[in-house]
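Input: a single structure, listed below in structure tokens.
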Amino acid sequence: MSRGMGKSAKTGAAMLALMALLAMLGPLISPHDPLRTNLSHRLEAPSLEYPLGTDRLGRCQASRLLVGARYSLGAAMAASALALVAGACLGLLAGMSGPRTESLTMRLVDMALAFPGLILALVITGVMGPSLWSVCLGAAAAGWAWWARFVRGLTASARSRGFVRAGRVVGVRGPALLRRYILPQLTPPVLVAASLKTGWMIIAISGLSYLGLGAQPPTPEWGAMLQESRLYMTRAPWLMLAPGLAVSLTVLACNMLAEGLRDAMDLTQDAEVQP
Amino acid sequence: MPGITGSGLAGRLLGYAFSLLGVSIITFCLSWMAPGDPAEMLLQQRHQAPDPAQVAALRHQMGLDDPLWMQYLSWLGRTLSLDLGTSYTTGQPVIDEITPRFWATMQLAAASFVFLFFASLAAGVIGAAFRERFPDRLIRAGTILSMSLPNYWLGLLLLWVFALHLRILPVMGMGGPEHLVLPAITMGLGVAAMQGRVLRSSIIDIQGRDFIRFARGKGLGPWRIMRRHVLKNAMLPVITMWGLTLGHMLGGSVIVETVFAWPGLGQLAAQSIQQRNVPVLQAVVLLMALIFITANLLVDLLQRRLDPRIAREDARRSLES
Amino acid sequence: MNGAAVHNLGVAGPVGMLIRGVSLGVDDGMILGLVGSSGAGKTLVASALAGLTPPPAKTVSGTLRLGAQSFNLADDRGMAKARGQGVFMIMQSAAAALDPTMRIQGQLGELIDSKNHSERRAKAAELLAGVGLKTQVLRAYPSQLSGGMRQRVQIAMALALRPRLLIADEPTTGLDAITQAAILKELAELPRRTGGSMIFIGHDFKVVAALAQRIAVLDAGRVVEHGPSREVFLRPAHRVTRRLLEAAIG
């Protein structure tokens, strides 16, 4: 990091830290039980008692949003990590091994990349049946191939660098070559891409939940909350605004972090954003 | 997206063939990965009680007891002759069900593409022209925000503002061109922002090249240089993204079409998942993947046409290897 | 008034002046040679005279006289009128100067003042023939041509524009000896064909002295010696000139 973290990266990181804190403290600081229905307080506008109003069953929207953070963000983090680890391992394998393994791995990757990203996630979720778990696995299954290709490309270019070649000439091989020469070069672009991809995962997972494939009622997941709110768009627009804003702000934080890191680490290449 | 076969034209076509093969295998696998026995589903759809003997007979008749590779080949043969089976829910041939859906989605994608093309062009050109000054900063803030909006929420917001409050655009469904406006913007905004950013940095990069200085030295006016020399070169990295863009749209169509009740492939995909309508889902997935990889191939060919250096690179590589 | 002249050219870089008080003059149909070692500022002088100072460098002073017209070199907008038919620069690397995505026909054609497509094409073909290139070159992209052919395309452009002042910035760098000789021969005739004057920039004293009637020696952004080629060649006054001469003759 040449210039330290920029303003954009700091803002993004601070927003993400705040989100993570809220997600962890969720049940402790939420004013009400997010699952308790109260039909005498249906679709109430925001008030002191219910800061973000109540939903169609009279549940406190603010509490649902706070508690929902751990589902929405937790699932996205898990899916993102799963895709990264699986994809990066395959990418490293392809980048470090001989042409035959590389060609085989990349064929597999090309096959997975032949499907538009969200479609693969949709189908896998559909096959496994609706639940937060299957959405998580579906999104990870849609994401690993991008990582594999990205990491393979990085590895190949890292290996072609002069000092890596020199290291190989003097006999540095295998794990030592990987640890001392390759991995340090991969870290900055992988960090930037991971930040971007986590943003994508949040959108994908809450999107699949919006379609009813993810967290099932009464779980207060953000995408599912949006889905429930759309019938009351005219009567209670606050129901639609809050969860959408929560998703957008989190993704914005991820994007700002990525942008700031990219500037700070002088990365010129744009990590392309996957559909 | 060059695979490992090399990036020459022949390698690219070979990669396309491999992708087709992969897509067909994965799509075929869907039918036995999906829960529920196809024979049972078919019987239910005919309102017959699925008694075991009947199911077994039908399974045999449908070839479900054959080895997997035989099932694959016969499925492939049927698919190639456009026999995609019958829908579990309507009992209609799947091909009849998806054809109008295909056109609806293509219409939406085309409208969205027109929007994103001009929006990204404007954002990129203005951003580059006012580099690091107020309009550029504003556009950059706008683009990073647009990239962070989930499409289902953006769709709902647009519906809320334009259709329910201002009442200037129709709420949902298909109809005249005004029905296209909101879903097309919803589908294209994020990608437009992304491409605007790429175009901006690409324009800035090209403007610093010697051939642009040389064009100035020829006495050409700034607008002429922008149109003839800068944009043409700066568009190349954007065009590379067009294939990916279509993938983004097709994937996004599942949500956008659901939000706006647009009767296209995406909505059909979401519906068929909820209804466990495997033949329809299979057909939609196959079609979307087919559109996606074909579009990627076309984009690749287009690039070769626009950038003569690629063809030379290929020739050089094939001489070396 | 005849010829072209520059008075008191100054170019500033991010940390200080790069070119200071450069004044040169050249008559119509004549060639002025500008020599200097690498880093003396030759290319920067050439770019500044053509009104194309590359950022972050910036022209801060200087007047360019072309015939009876005067231009302020520090005023980029004002220079827009001079660029092209007033002053035109042939760049060191033709590969970098030509638009990689446009056929030669388009790049040459945009200098020909005619609305009619076939007329422009005919004129472009004629210009190419004037520098010894075949009509087929019109259909080619720059990457499909050899270095010598690309340099000839730049010369054809100069013929199309007929600038009052033509600047050639080491136009034979990277070419083989035979091509180099052919291009130099083409360049030597250029001022007579365009009717304007030419400043030829090079680091090889022998080449420049053979081509130019007068020579100016540039060192560290200043002109240190200036005179008829023969005189400078036979009786170099400045130590930089002597060093350049020794290097050239060996």
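Per-chain residue numbering starts at 1, and chain names A, B and C are given in the order in which the chains are listed.
In the analysis below, a contact is a pair of C-beta atoms (placed from the backbone, for glycine too) under 8 Å apart; a residue touches a chain by one contact, two chains touch by 3 or more.
Small disclaimer: the values here were computed from a predicted structure and weren't measured.
S.K.: Measuring between Cα centroids, which chain is at the maximum distance from chain A?
M.R.: C
S.K.: Which chain has its Cα centroid closest to the overall Cα centroid?
M.R.: B
S.K.: Report the inter-centroid distance (CA atoms only) between chain B and chain C in whole Å.
M.R.: Between these chains, centre-to-centre, one finds 50 Å.
S.K.: How far is the middle of chain A from the middle of chain C, if each middle is the mean of its Cα atoms, in Å?
M.R.: Their C-alpha centroids are separated by 56 Å.
S.K.: What's the distance between the Cα centroids of chain A and chain B, rounded to whole Å?
M.R.: 21
S.K.: Mind pulling up the chain B residues that touch chain C in the complex?
M.R.: The contact residues of chain B facing chain C are 208-211, 213-221, 224, 228-229, 232-233, 236, 306-309, 312.
S.K.: Going by the contact rule set out above, which residues of chain B touch chain A in the complex?
M.R.: Per the stated touch rule, the residues are 1, 3-5, 15, 18-19, 22-23, 25-26, 30, 33-35, 144-145, 147-153, 156-157, 159-160, 164, 194, 197-198, 201, 241, 244-252, 254-255, 258-259, 269-270, 273-274, 276, 281, 285, 288-289, 292-293.
S.K.: Of all residues in chain C, which touch chain B in the complex?
M.R.: Result: residues 47, 50-52, 54-55, 80, 83-86, 88-89, 91, 93, 96-102, 106, 110-111, 141, 143-144, 157, 161 of chain C touch chain B.
S.K.: Chain B touches which residues of chain A in the complex?
M.R.: Within the complex, chain A touches chain B at residues 99, 102-103, 106-107, 110-111, 113-119, 122-123, 125-127, 129, 149, 199, 202-203, 206-207, 210-213, 223, 226, 230, 233-234, 237, 240, 243-244, 247-249, 251-252, 254-256, 259, 270, 272-275.
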